[in-house]
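In what follows, subunit A forms one complex with subunit B and a second complex with subunit C.
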Partner chain A sequence: MTQAGRTRTPWLYLLPTVAVLAPLFGYPIYMLGLLSVFDYRQAQVSGGEPTTFIGFGNYATLFGDPRFWSILGQTVVFAAVLVIVTLAVGAALAVVLTRAGHWPRLLLSLAAMAAWAAPAMTGSTVWMFLFDADLGLVNQVLGIDGFNWFYDRWVTFGVVGATVVWHSFPLVMVMLFAGIQAIPVSVREAAALDGASEWQSFWRIIVPMLRPLITIVVIQSIIWDFKIFTQIYVMTNGGGIAGQNSVLNVYAYQTAFGSSEYGLGSAIGVVMTLILLVVTLFYIRALHRTGEKL
Partner chain B sequence: MKILNWAAAGLAVLALAACAPSTAPQAGGGDEKSGTLRVWLYEEPNRAPKEKVVAEAVKEFTAANSGVEVEVSYIPTTPARHEKFKGAFNDPASAPDVAEYGNTDLAEYAAAGGFADLTADVRAWPEGADLGADLLGSATVDGKLYGVPWFIGIRALYYRTDVFDELGLKPPASIEELTSTARQIRAKKPDMYGIAVGGEYTFGALPLVWDAGGDIEKLDSPESRKGVQAYTDLLKDDNCPPQTCASLTGGKTVELFAGGKAAMGILGNFSRSAVDAGPAAGKYAVVPLPGAAKDSIAPAFAGGNNLGVLKSSAHRSLAVKFVQLLSGKTYQTKMFEAMGNLPTLTSARDALAAEEPFLKPFLDTVAAGTRFVPIDPAWVKIDNQKVIPTMLQKIATGRSTVEEATTEAATAVNAAFGRS
Partner chain C sequence: MKRVLTGLGVAAIVAYCLIPFYWMVVSSFRRTADIYHQTPLPSPWSLESYAGVFDEGTGFGQALLNSAVVAVVTTAVTLLIGTLAAYALARLDFRGKNVILALIIAVSMFPGALLVVPLLKLFTSIGWINSYQAMILPSMSFALPLTVWNLTTFFRQMPRELEHAAMIDGCSAFDAFRKVILPVAAPGVFTTAILAFIVTWNEFIIAVTMVNDVDRQTATVRIAQFTGAAKFATPFGTQMAAGVLVTIPLVILVLFFQRRIVAGLTAGAVK
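And now, the complex of A and B:
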């Protein structure tokens, strides 16, 4: 193969992917960006008023709104906690899976798959019923009839967070379990012979060997948890008492579709996309710095 | 080939970059005299009686207009209705000819240019003169009438006669009496709420604000604050604990009263069938919601639904005729018998008042004067951003004082109106 052919060939292989990704991702993002610089409300959509270009007006409105900043902060903290808890639960159960006998493993897998398969809407509704103040199973078992789990901001975030983790830990568990299975048994045997404890062999052997996998899982969890919508929207009836449990995605939805401020809603979408892009880039960079390649 | 594809893609991008976000085509509508007339009506908790009356009207209509079919669909009243209507405005091909809509949604729909101006049609309609000026006003934006008021919904104070008799209480004649009565009931019957109120029950709170002389557009005025204070005083442990009540919507307070868990409730004439289906049936009476002054009536919110004709309709005169049939005296009366919907035609209402004692407190409330939300697209924004519920909830949970919460709400209201 010639020198020119060698540099061109990889691009040629990428072409089909580009052909699919460019329209599927490029166009919506382009439209999102375009809408965000227009004064675009319901009246403009249905032709009642002309559409006007307002530059960064929507962004100025957004950044000048203290509510946006408090929701952004709330979303970041909530997502961070969710990522950590999901990872901890998923990793712990992955290790349990490698140790468990045939039947417990099957049961645990089935339970996890069921949680994974449950649509976010159904799962949230079922959890909401479980924690219902008057008729919920949780209150009946605990004997605290009438306790409203969705009254205090942090208790509400706790219940909703548990639902989100319940929905998302199975993927982490399955991926890490597969990763652990791929580690040659001899490596762990050697560690055990050298006197390493379970804890040590997890942190010193499994984690370093699975680093690329963990990175992928972390990025995916961050993206998922940062974009959390259904659980908050369903369980707290669109943001909780006085909007105390709102997150960025719910806020964007309510702004864009509830208030018909499509331009402003798009601006929130653009800000979210940029934040997630930065997070992803940061992780890829961190990965390269440690010398590991994805 | 590949080069061609790239060129096409490049051209498409250029074409897109050159134009602004798309706007729906301006459909002028038409006036065909035959074909299918599509009608959207609101879904109801118990739809069967409504469906029966509408079917009757459709039969009469198709008999009088040959070659015409009427296709009725029922749309949900959840906030998703906004999406449905916006979809209809954006795509005339999937839009109905006639639609029922809540009168608080009017300004948003009018601004979107979705409904046809019916001013001339109603003026030429003999029964149009029977509609009160207040009612026509609630369907008018910038001097143009965008629908015929079909029925009104008025809220008043429902109370449990058995509980009041047992405790030797009299129906309250002022807000002060209402509050003390509610507290007495709660103290003597701890498993009951004195009066069911909710942090998300905007139309339960507004009468007290209006009665005090306040208004939605001046929530931080001393008068408004007085009304907000009076309502949030009910959202306390000694009547309706915020733990439970702060998140209640108006519908949930109806459930509480109908379920026998509350001794009083601010319910509409349209909630009667729900109450009659529960344990409170036969053990309640209704009086107008009192104001601050003794024996006064707090101004109620004049809710209700209109029937409008879509601007994009291809059967304009047929659509107008169908609207006039459904909102004529015959069918308004039938709708009252079926659903309890209060007629908008004065003569129909007067005839019913004579024979229906249940209606008296509601009609007295109407006679004392009703109020309405601002007829401006800003109201939909205020409603969707839950400005008033947020204000009530912040006070009820003790997170803000009345001053702080009302100031914040007033700022949000001003922002929605585009004032700063």
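And now, the complex of A and C:
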């Protein structure tokens, strides 16, 4: 093969993928950035009024709006709690799996995989049915007929959070389980012989040995939980009472489409993209450290 | 005492996993009038909700078909072009490879809800609204990075001797890839296909934004809009039945290919 052929070939293989992804992301990101510096609403979409360049006007509006800060705050808190709960449940079950017999292990992993594969849409409707105010199963069992789980802001976040974790812990469980399996049995047995409890050997052996993997799982969960959309959108009917349960992703979408404030919605999108970009950089660094060739 | 507590904890989590499924299936077989019953099994059993799902006017059969078209085409195209890219990234040396890999990861983090705002404008202006391609192309924004990343990890694990032997025997690099690597890599490609299919089948934001024609809506969007379709009763029964129908193909895939899916999911994360 000639030198020129050697250097050109890889790009031939990459060409179709790049040809799809570059415009698919390039155009929307470019447009988000562009729209975010224009006054662009329904009047401009319909062509009734000219679009005017307003520089950082949308950003100024956004940063001066207490609602933006409160949504940003609750997005961060909601995501943080979800990450912690997802990890706790996922890690606990991963440890249980390593000790379970054949059949319990199979049953548990099948149940978890099914929850992972179920569409976010289906999960949302089932959980809404379970927590229905009038005659839902949960209210009947608890004897609190008529209690509305979708009224108070944080109670609502609790139910939506339980649904999100239901979908997302299986992946964490499976990844950590595979990681634990990769730890030599002799190491775990030695700890048990030395009288370490399950709790101790988890914190002193499994966690330190799996630190790179755990970092990756944590960052993946952060990214995933930070951009939750479907469950909030469906379960709280687009963001809850007066938008009290909105998160950044839903807020950007609703501002652009619901209120036809395309410029402002784009500005929210840009802010969100920048936050995710920072997290992603940490992710790439963590991958690099595990020896993933990057 | 401690063992009892651990046992209870595990039981609670298993219940947490299973009860929503169980209740969805059981409730889908109740009569509409019995939808709030708490008996562990429906009495009497009824297919009323399933009949409701396929009633004229709900168009759920068409919606399942639309979901299948979008998911199958997206998966097929994604695999076709993603396999090539993954091979280059795993096996060929060239400048800019790390940048491409980092970009693949970065774009897979990008929220779909942000993508659809500008894309809707674009698709409106070129008349793509209510078309399959308006769902298929944006779906590749998450299916393609997933595929490339998974397959890259997979190809890396294969012994290099494979292509070397083929190329010594006179195969070109592409022939070596097509005739030697691909057949050996089939299980990994297959797993990736299942993952891509599942994420595309479950997609909601793109489908709900790009399509407003009932005949082109996918199943996940259709379920969300059942509220308006059932006039006489709460739509929970039909929603549960529809939920069962949408989830069944995925659960079957998971049941049959559990090991491979797990292997595919952990690819790249565990060495």
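Throughout what follows, the second predicted complex is superposed on the first by the 244 of 294 C-alpha atoms of A that agree within 3 Å, B and C clash if a C-alpha of one lies under 4 Å from a C-alpha of the other, contacts with A are read in each partner's own complex, and residues count from 1 in each chain.
The rule is simple: a contact is a pair of C-beta atoms (placed from the backbone, for glycine too) under 8 Å apart; a residue touches a chain by one contact, two chains touch by 3 or more.
Bear in mind that the values here come from a model prediction, so they are computed numbers and not experimental data.
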item: Subunit A: partner with more touched residues, subunit B or subunit C; value: C
item: First, second, both or neither for A:195, with subunit B first and subunit C second; value: neither
item: Subunit B versus subunit C as contact partner of A:35, first or second or both or neither; value: both
item: Partner chain in contact with A:143 - subunit B first, subunit C second, else both or neither; value: neither
item: Subunit B versus subunit C as contact partner of A:101, first or second or both or neither; value: neither
item: Partner chain(s) touched by A:118 [first = subunit B, second = subunit C, both, neither]; value: second
item: Partner chain(s) touched by A:64 [first = subunit B, second = subunit C, both, neither]; value: neither
item: Which superposed partner A:259 touches (first subunit B, second subunit C, both, neither); value: first
item: Which superposed partner A:51 touches (first subunit B, second subunit C, both, neither); value: first
item: First (subunit B), second (subunit C), both or neither touched by A:127; value: second
item: Where subunit A meets both subunit C and subunit B, residue numbers; value: 31, 35, 257
item: For the subunit A and subunit B complex, residues of the former touching the latter; value: 22, 30-31, 34-35, 38, 40, 42-49, 51, 53, 133, 146-148, 150-151, 237-239, 241-243, 254, 257-261
item: Subunit A residues within the subunit C interface of the complex; value: 1, 7, 9-11, 13-14, 16-18, 20-21, 24-25, 27-29, 31-32, 35, 89, 92-93, 96, 107-123, 125-127, 129-130, 132, 134-137, 140-141, 162, 166, 171, 174-175, 178-179, 182, 213, 216-217, 223, 227, 229-230, 233-234, 249-250, 252-253, 256-257, 262, 265-266, 269, 272-273, 276-277, 279-280, 283-284, 287, 290-294
item: Subunit A contact footprint on subunit B (complex, rising order); value: 9, 16, 20-21, 23-26, 79, 82-83, 86, 89-90, 108, 111-114, 199, 242-244, 246-247, 377, 380-381, 384-386, 389-390, 393-394, 397, 399
item: For the subunit C and subunit A complex, residues of the former touching the latter; value: 6, 9-10, 13-14, 16-21, 23-24, 27, 36, 38, 80-82, 84-85, 87-89, 92-95, 97-98, 100-102, 104-107, 109-122, 137-138, 140-141, 144-145, 148, 156, 173, 198, 201-202, 204-205, 209, 220-221, 223-224, 236, 239-240, 243, 246-247, 250-251, 253-255, 258, 261-262, 265-266, 268-271
